[in-house]
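Chain IDs A, B and C follow the sequence of writing; residue 1 opens each chain.
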Amino acid sequence: MADATVSMTGPRGPKPKRRFSPTNIMLYGTLFVVAVYYALPLYVMIVTSLKGMPEIRLGNVFAPPVDITFEPWVKAWAEACTGINCDGLSRGFWNSVQILVPSVILSIAIASVNGYALANWKFKGSEVFFTILIFGAFIPYQVMIYPIVIILRETGGFLGVQLMGSIWGLVIVHTIFGMPILTLLFRNYFTSVPEELFKAARVDGAGFWGIYFRIMLPMSLPIFVVAIILQVTGIWNDFLFGVIYTKPETYPMTVQLNNIVNSVQGVKEYNVNMAATLLTGLVPLAIYFISGKLFVRGIAAGAVKG
Amino acid sequence: MAIADDAQSPSAVQRERTQRPNRLFKNMTAKIASIPMVATALVIFVGCTVWTIVHSFTNSRLLPRLEFVGFEQYERLWETRRWLVSIENLAIYGVCSLILSFVIGFTLAALLDRKIRGEAVFRTIFLYPFALSFIVTGLVWQWILNPQFGIQSVVQRWGWESFAFDPLNNADIVIYGILIAGIWQGSGFIMVLMLAGLRGIDEDIWKASRVDGIPVWKTYVVVIIPMMRPVFITALVIITSGIIKVYDLVVAQTSGGPGIASEVPAKYVIEKMFQSQNLAQGFAASTMMLLSVLIVLIPWAYLEFGGKKRG
Amino acid sequence: MKSIARLMAASAIVSASGAMAADLEVTHWWTSGGEAAAVAEFAKAFDEKTDHNWVDGAIAGSGGTARPIIISRILGGDPMGATQLNHGRQAEELIEAGLLLDLTDVAEAEGWRDIIHPVSLLDSCTVDGRVYCAPVNIHSWQWIWLSHQAFADAGTDVPANWDEFVAAAPALEAAGKIPLAMGQQPWQSSGAFGVMTVAIAGLDAWSAVNIDKNADVAAGPEYAKVFEAAANARQLAANSNVQDWNQATNLVITGQAGAQIMGDWAQGEFQVAGQVAGEDYTCLPGLGVNEVISTGGDAFYFPVNGDADVTAAQKELASLLVSKEVQVAFNLKKGSLPIRGDVDLDAANDCMKKGLEILANGAILPDGNQTLSPDTSGQIEDLMVEFWNDPSYSAADAQAAYAKIISRAD
């Protein structure tokens, strides 16, 4: 732990007195042991994915690889089979991207407008709908899964497009289930915007959309970043909706991962499985490591209840 | 729907016009803009829930139909061993993960709050699992707990020949194998919440307790924790609503096995609806899940919102 | 000549609608090595012999995972071109709802009723006199697969029936082998139990329970013997920690396990591993006790589609699946029996020949999928997977639970 950057954002606890006091040894010892528990799986994933199968059979999971090989990664990405399709996880990756981009844009666009309307343009009943929405966040998905199948089928049939099984059906589902938390997030943020700004714009004759685009949007970049982080990780990691509302060609990466790992041809290739697992975790991990504090803010914001 | 009502009712229009002449037209835009929200709230959250509850009293098989059979599905549900095992697992998993998340989350937060070196590094390590999906979590821990290659074999190779730790193949403790993975994934997040709570506490309180010579642990128990009540409640709601949704983790880690030893209610619902082609049974089970959420949610909502109104 | 004429007639029907090349997505859950090789034969034939394209929609996992995906797509208004399902009661409600294509014209033009043997396969596809599916193979659960290597290592002869196997089990254990390989998926537990029932309780008891849903027999002494035997077999399989059926088969192939109770699809795995029946492994129908073939199997259903080209392609595929050449090519790879008695299976190995012989003698019984609703099967699977994996679950308790399920079965 040669880390010198002590966070100065203000720990408030009592300051430990000496460097090597028993308390300090206990403190760092505990933290270190716990850190091992948390870090171990990532380490195991990485080393396993770099070993050949013979080495895995002989060695233990914690041993570093002797002969480093990237073959499992290549195989997981491009060759692993489900059925006679052997194009690996790559298809799932691109599906996930195709699901992710519209879902994130649509859900955030709708939720920000919702939040804005709830904060600044309250109308009769708006609070009631908002309360239902917040309670909706706690209803187990299982209660709503089947009726949504019917809704997707009927709307799809009505509009003459295929929603059930397609990426767009899943986008709608993600938009719906992302709505409570995002709406809450934006509502709370817009409520905190000084009312004077809003009133001044009204006096200038700006309307609903005028104020939204010219005043609110430019001011709320931070909260948009938070929402994006929340949605990208949430949607990327989804399994349940992916497995129910898509079909094999449009499976997101998580579903394909589970299929690849759990459909075995002969011997289980643990190294390929771990490479595939890491590949699937790469996008949210990258977001986590790159966005750092914003990530924490994002998930914490998702946790704030009205 | 609300929009249509308001627009069609002349008295409402008139009232609006006389009271706030300027608002009506602009509020129309707000209402139109809120259609997705209103539709989601009414059609999905209310409509679908009611639909499912109603159909749980029918004998729907592959296709939903309205032939009512009273509580038959519920009677069968509570006679089914697999459902009882699922409920038991959920209870064990729920209670343990609640306690452990709180204890680990709070302890880590308190440790990190003591002006330690490398706080950012520790925090990063504790929280990164939260970025990963339950599928990834389940598969990693399935591998680490693999009896042939994982922890068990490593310890045995170190010389402790009789060491046995094979939770994923032992029906009695398999749920704890899942718990280890679940805690790994989620406790970092609780830590972050707790840390935010601790940082929100006034420095003067620490000073005062130091002046009075109150031991650190006692300050935490007597002063700090009671002050962090809102954070605890938030964490409680998040953990419990997450517990009931446990599904992916089990699917990836054990597929419910060995036998039915690690089944959970969410999985029962999905399988009855889509595999056994018995929709009504799945609906009945999901309604029970909803009921258990309400048991947690209603007292919380009462405390939160009821309290606010009074205050 | 006759069959060619029929084929012409069939293609006349389909080409009458002015068939254009269509992409036909075919969903199935054949993903293990032997299965994937077999399904590739279908794909090859379809691509080569028609203008249409086979788009493979393999869904990994067992039928339990795949079936809901398939059904929810059909119900969700996103039908695939064709799909594998086990014929029998799984598709009942889909047919009633008018979601599956009526193949009666193809079936009549080609005389399916005359060529499909045993004809009960076609009956399983028929609802109210209309044909809704094309059976592609016969799969019998009634087999046990024995590893020669494992028994050689244990120093005993390869058993000739279940009792001998049980007697040889201690020797296997002493040699460090797993006597009985079992995967942990529910359908495997339930299937193995079914096989043991036929062998131990006999055909009459099996029929009384599975066809007539007689709960008294299910609670009776014959079934008690089966549960006792299963409890014993559970001990023999205690160290078999694999999940998938083909991993369990692999234990037998590599000689780590003595035997596996599994349907004839296991044969494809032996074949892929380059093993020879009679030399490397032995197969015993009906556990060597009651030589029967259960005529379960796979069939292809064709969801109704608004596009005439697709419908034409669907009918062409249906006719192709039943055709002689494709039947031979597919079933040799799959290790299953063809659905017609008039094909030449010289290339078949010992095990398939045994099966064909039993089939020709008419020692057949229906498959659980054909007699029990998916709901009942699901409950039995839940019970069996628990029973097989929980040594503290006594045979008597399990039997009581089983009888209760049967009493409610439909």
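To be clear about the criterion, contacts are C-beta pairs under 8 Å (C-beta built on N, C-alpha and C of every residue); 3 or more make two chains touch, one makes a residue touch a chain.
The shown structure was predicted, so the numbers you read here are calculated from the model rather than taken from an experiment.
Chains that touch both chain B and chain C are the following: A. Pairs A-B and A-C differ in how many C-beta pairs touch across them, and the larger number is found at A-B. Taking the mean of C-alpha positions as each chain's centre, the chain lying farthest from the centre of chain A is C. Per-chain CA centroids place chain A at a distance of 40 Å from chain C. Inter-chain spacing, taken between the CA centroids of chain A and chain B, is 16 Å.
Shown for chain A are the residues that touch two or more other chains, namely 244, 262. Residue numbers of chain B whose C-beta contacts span two or more other chains: 255, 270, 273-274. Residues of chain C in contact with two or more other chains: 69, 72, 75, 243.
By the touch criterion given at the top, residues 64, 67-69, 71-72, 75, 90, 92-94, 97, 184-185, 241, 243, 373-375, 377-379, 382-383, 385-390, 401, 404, 408 of chain C touch chain B in their complex. Within the complex, the chain B residues that touch chain C are 61-63, 76, 79-82, 85, 147, 169, 171, 255, 257-261, 270-278, 281. Residues of chain A touching chain C in their complex: 81-85, 149, 152-153, 156-157, 162, 164-166, 243-244, 247-249, 259-260, 262-268.
Chain B meets chain A in the complex at residues 2, 6, 26-27, 29-31, 33-34, 36-38, 40-49, 51-53, 64, 104, 108, 110-122, 124-137, 139-141, 143-144, 146, 149-151, 153-154, 157, 184, 188-189, 192-193, 196, 198-199, 201, 203, 206, 210, 216, 234, 237-238, 241, 244-245, 247-248, 251-252, 255, 266, 269-270, 273-274, 279, 282-283, 285-287, 289-290, 293, 297, 301, 304.
Those residues of chain A that touch chain B in the complex are listed here as 1, 3-7, 9-16, 27-28, 30-31, 34-35, 37-42, 44-45, 48, 56-57, 60-62, 110, 113-114, 116-118, 121, 123-126, 129-130, 132-133, 135-148, 150-151, 175-176, 179, 183, 207-209, 233, 236-240, 244, 254, 257-258, 261-262, 270, 273-274, 277, 280-281, 284-285, 287-289, 292, 295-296, 299-300, 303-305.
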